[in-house]
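Here come two complexes built around chain A, the first alongside chain B, the second alongside chain C.
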Partner chain A sequence: MKKKGRGLATIMFGFGYGEGFPDHSIASIEIKADQRIVIKTAAADVGQGVITTVIQIAAEILRIKPDYFEVIQGDTHTTKNSGSTSATRQTYFTGNAVKKAAEDLLANLYHYGSMEFRSNHPEISIKDGEIYLYEEPEYSISYWDLAAKLKDKGITLEAEGSFFPVTYQPDEKGQADKVYVAYTFLSQVIEVEVDTDTGIIDLLNVYTAVDLGKAINPKNVEGQIEGGTVQGLGMAVMEEQVIRNGRTLNAGMSDYLVPTSVDIPKFKHYLIEDQDSEGPFGAKGVGEPTIIAAAPALANAVYDAIGIRFYDLPLNPSKVKKALEEQDNKN
Partner chain B sequence: MSDKQYSVKDYYCKHTTRCSSETIKDSKRFVGQDILKADAEDKVTGKAVYANDITFDDMLYLKVKRAVHPHAILKDIDTSKAKKVKGVVDIFTAEDIPDLRKFGLIIRDQPVLVALGKTMRYLGDALAVVAAESIEAAKKAVDLIEVKIEELEVITDPFRAMEADAVNIHPDGNILITHNLETGDVEAGFAESDIIVERKYQTQFIDQLPMQNEAGTAFYDERKGRVNIWAATQWLHDIQADVAQSLRLAKDQIRIIQPTIGGAFGKKEDVSVHIHLAIAAMRTGRPVKLTFSREESMITQSKRHPITIINKTGVSSDGYLKAWQTKFIGDTGAYASSGPAVVHKGMYHATGPYNVENIKGISHAVYTNNTYAGAMRGFGTTQGAFAYESQMDIMAHELKMDPAEFRQKNIYQLGSCTPNGQRLNHSVNAEETIKKVMELSGWKGGK
Partner chain C sequence: MKQENKQTISGRDFEKYFQVKNLKKALEIKAKYEDQILLIAGATDVLVENYEKLHEIKNWLDLSRVKELKFLEVKEDKLILGPLMTHYELKNSQRLKQKLPLLAKAAAAVGSPQIRAKGTIGGNICTSSPAGDTLSALLALDASFKLQSKIDSRLVKAEDFFLAPKRNGLKDNELLTQIEIPLYPEESLSFWAKIGRRKALVISTLNLALVLYFEQGLIKRAGVAVGSAAPTPIRLREVEELMLGKSLAELNYRELGEEVKKRVSPIDDIRGTKEYRENVVRDTMVNALKSIEKRREGGKNAD
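After this line comes the complex of A and B, so read on.
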């Protein structure tokens, strides 16, 4: 028999290293005469999309299409420390560092632009990579021409930005004023169908609402929600490295089960964008929060379906089937 | 020694990191737009350059001889037969590099190579490294390395590890680190409670399982006295510092260049191929490559901590949380890695996003002879959430209350205080997430 159930889980995640660790990121941006804007950061793009995120942030501030931007390859000898791609921190930390560098650069575009036009700063406008006189838009200079002119004078159109927020180390009772820079909140409802003959749990629907401040790239947030949740569901129903007496019994992809495309449920999500965080454009991190609710929401859904509470993961078919048989014997 | 002069710039795998604005509807705004990932096209067309794609003409292949037992003293290692394999250029053990320092993310407790008379603590420990003209020769040589050991008790369970008569895996004992959490008066809170629920939860070892296994390529620039390493790494500058200190080199002498990364999820925070590559590149003077198999990756590199969580929670009959006591015991395996930070982060989140005035908790990260545990997405809080959100559901059912309503009664608001005593003064829309997910899923009447 197949029994349906649904479960809810609500979670929080304090992101950044926190706890007084000197967590920071340094980035720089240079406008070059050859129509390139080069962003230097050591932030590792592990697939989550930080390269794209920082381009969008810099493009927004510098008021020019993302097409002109280039992010150089991370390199200890050409980039400065950006901290790790972990702790759900890159959008918040490197995003803010890049935003600050871009703001410095924008201010200097106004500065050098006003020298060029011998005008006051408010008389200048900037749009699509052109600096022009507000009243007389035919007087304009492109970023590239300005960069070339400045280069002749030995000036590089470059800016560095850093983000280095304060947190405090908790005392011996775990107490401090500010342990993490901010928290991301997420609620998830998961619907399942449990086959009471086999113990197999079918994953049907996942509904997610996440309090993330602002989605810099909503499609990439969707990717995080779906990827994170599926990884969390792997933890919930099938994944386990079995180590017995120090030896791994399933070291390989044929014995270590992970969700594949056939296991993936349907997704619906809602992004709560109050833009009330200190991240770039009010953004908070979403990378880790998207995995956290899946296992408890699933366990709660299984309880709703068959009335059995599981206390250890994963809820694989043999464990579920055994529990169902015990339940039968009791009744 | 290589007769070629290599330069990093010849091997600079230029990322195509250009975005296209073609898909943007409103051309004035770029934040909040679904811009296609800058590296998407290169990845799907196969143009993206991963560490394993970087090759040199006269490159050597490395293979690591790993521990033969999860807990044993290395008594003897004989590489004489292995050295005779055709194509083997170099084999090195700890005896060949006497002043190596240990490495590690937070605590430097992991040997680059296990020395004679020293202890192998899990099956991923390195005993020797072979450099050969082909991967086949390197593998063959590794199989011919002969090792004599003295076996020790294999500790597989953190509760056994904490017993007084358990053998010490590291000199300072098996409890790597302990943290406490205390706010309010938990006993008074339980006294005020109408219902008390106490449950024990257990999570498992999980591999982060990025598509890409650990891999790297390196060459030594003798002129500059610098080792150049291409390897996927979650934190370039931290790995650079750790590699340099372990080899007693200046930071500037280790250059790490980031190729395209094939996923990480926490697994690429630790040193993997880096130090062995650097040693081999310097010893042989030739470019070298080291690539882990999936099996080697799973046995050698970090895992998600299995954590035993005991939650005791008190609630009033009208559904308000009064007290929460918690205990986290994390199996951190053979080495510390991120372990000193993971388990208590889980505990710091032990009550979820709910107002509780009286909290008491303790966490231990404990060494065993299992594959070491480190960082994985959620960093202890993923394990913790399974426990607190199961606990919340159990209490809602005991109270005969809709689980969503019960959560909403206790959910953080602006001004709420976390278990760490952090006043939440901005961006707290936790209740809104419950309301929206109820709307989305059509949740009503308790489900």
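After this line comes the complex of A and C, so read on.
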């Protein structure tokens, strides 16, 4: 027989290294005469999309299409420290560093622009890669031409930004003013169907609501939610390292199973954009928080379906079937 | 860090690789090399089994180009298959789906689209894994295998073919050249289920095949077989006999489930516990009978 159930879990996640650790990121941006804007950051894009994110942030501040950007990543000759891609921190830390560098560069565009037009900076405007006189827009200069002119004078059109927020180590009672830079909140409802003949849990639907401050790139956020949730559900229903006498019995992908595309549920996302005061455009980190709620929500859904509480993962078919048999024998 | 290449360099990997174009040549080579040659068709089992030790294999006999071993023919009283038919071809064959939907369903459950495209039913049979997905279906359908050598050939019933995990009745000079499945005149309904730890790319924790042939509402013939619940895939003749001559309404499904459970001898392994397999094979048998009952009432042949 197939029994349906629904479960909820809610989590909060303090991101960044936190606890007083000197966590920071440094980035720089240069506008070049050959129509390129180069961002230098050591932030590693391991597939999560930080490169896309920092380009979007810089393009927004610099008022130009993202097409002109390129990113030099993780080269110790040319980039300064951005910290690791971990702790759900790159959008917040490197995003802020890039934003600050872009703001500094924008100020320089106004500065050198006003020199070029022999005008005060309130009289000039900047839009779509052009600096122009507010009253007489036909007088304009492109970023590239300005960069070329400055280069002749030995000036590079560039700026650097860093983000270095303070956190505090908690005291013996676990208390401090600010242990982490900010917190991401996430709630997940999972719907399952448990086959009581086989103990197999079918994953039907996942509804995720996440307060992430601001979705810099909503598609990327959806990718993070789906990827993280599938990893969490893998942990919940199938992933298990089996060790006997010190040897791992399933040290391969044919025995250590992770969900395939046909195992995963349908997703629906709700992005709550309650902007954070310090995040870039109000954004908070969203990577790791997406993995946490899946297993408890699933265990609650299974309880709702068959009335059995499980206290260890994964809820594999053998474990579920055994519990169902015991329940049957009791009744 | 530089990854060490554990493979022996090419050229020292093997001594002989025969890619034959006809069965006659294949049988000659098999007669000469006997157990000193490894057969491949789709290679989906062999390459995984020998991962990182392919260089240890001296001689290969590649059957993938032997066109005469790839066919599906429907005769009056039987369906015959060439062993080179891939799972993909079986799963998509309209004739197979119409005549023997049980086998088409089993073929559809093998591995993944890539594995189904390369892997062959002959390979599934000759690998003789207790978990082979098509094997329980072949057993329940009363299939026979034609085993041919350079000099003669013989027909062996599927239930006599599988001897132990990955061991079968093929002699060193023989090849599997044909699979024969009887087509009975009675109306039939079948059920096939694969129980695994996920929905694709997974080895069966258990599989069960059931086919019932009805004549005037009574069960004239029956086929029950399970995989992954004993050292070989097994046909349960005694359970079949308990159903013969009765109508579905006369059967006690739960008891039949218990009868199946009694006759399996599974082990604890990484895919499931012994206890799990025993209880699930019982409940799956009940489920199979219910499913057939439902379709009989609905008058539908499709599962």
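Just so we're on the same page, the second predicted complex is superposed on the first by the 327 of 331 C-alpha atoms of A that agree within 3 Å, B and C clash if a C-alpha of one lies under 4 Å from a C-alpha of the other, contacts with A are read in each partner's own complex, and residues count from 1 in each chain.
Just so we're on the same page, a residue touches a chain if its C-beta (ideal position, glycine included) is under 8 Å from a C-beta of that chain, and two chains touch if they have at least 3 such contacts.
What you see is a predicted model, and the numbers here were worked out from it, not measured in a lab.
Legend: residue contacts after superposition of the two complexes on their common chain; A:Gly199 is shown touching chain C, with no touch to chain B. Of the two partner chains, chain B is the only one touched by A:Ala299; chain C is not. In the superposed pair of complexes, A:Pro317 makes contact with chain C only, with no contact to chain B. When the two structures are aligned on the shared chain, A:Glu288 is found in touch with chain B, with no touch to chain C. Legend: residue contacts after superposition of the two complexes on their common chain; A:Gln188 is shown touching chain B, with no touch to chain C. Legend: residue contacts after superposition of the two complexes on their common chain; A:Ile243 is shown touching chain B, with no touch to chain C. Ranking chain B and chain C by residues of chain A touched puts B first. In the superposed pair of complexes, A:Thr260 makes contact with chain C only, with no contact to chain B.
Once chain A of one complex is fitted onto chain A of the other, the partner contacts of A:Lys153 are absent, as it touches neither chain B nor chain C. In the superposition on chain A, contact is made by A:Gly213 with chain B only, not with chain C. Within chain A, the residues touching chain B in one complex and chain C in the other are 242. Within the complex, the chain A residues that touch chain C are 196-200, 238, 242, 249-250, 254-255, 257, 259-263, 316-318, 321-322, 325.
Of all the residues in chain C, the ones that touch chain A in their complex are 48, 112, 195, 197-203, 205, 270, 272-273, 275-276, 279-280, 283-284, 286-287. Taken together, the chain B residues at the contact with chain A in this complex read 12-15, 17-21, 27-39, 69-71, 122-123, 154, 156, 179-183, 199-207, 209-210, 232-238, 240, 251-252, 254-259, 261-266, 268-269, 294-295, 298-299, 303-304, 341, 344-345, 347-349, 352-353, 361, 369-371, 375, 377-379, 381-382, 385-386, 388-390, 392-394, 403-404, 407, 411-412, 418-424, 426-430, 432-441, 443, 447. Those residues of chain A that touch chain B in the complex are listed here as 5-14, 17, 19, 42, 44-47, 49, 51-52, 55-57, 59-60, 63, 65-67, 69-77, 79-87, 170, 172-180, 182-183, 185-189, 191, 205, 207-211, 213-220, 228, 231-232, 234-235, 239-248, 251-253, 256, 258, 268-270, 272, 274, 276-278, 280-282, 284, 287-288, 291-293, 295-297, 299-300, 303-304, 309, 311-314.
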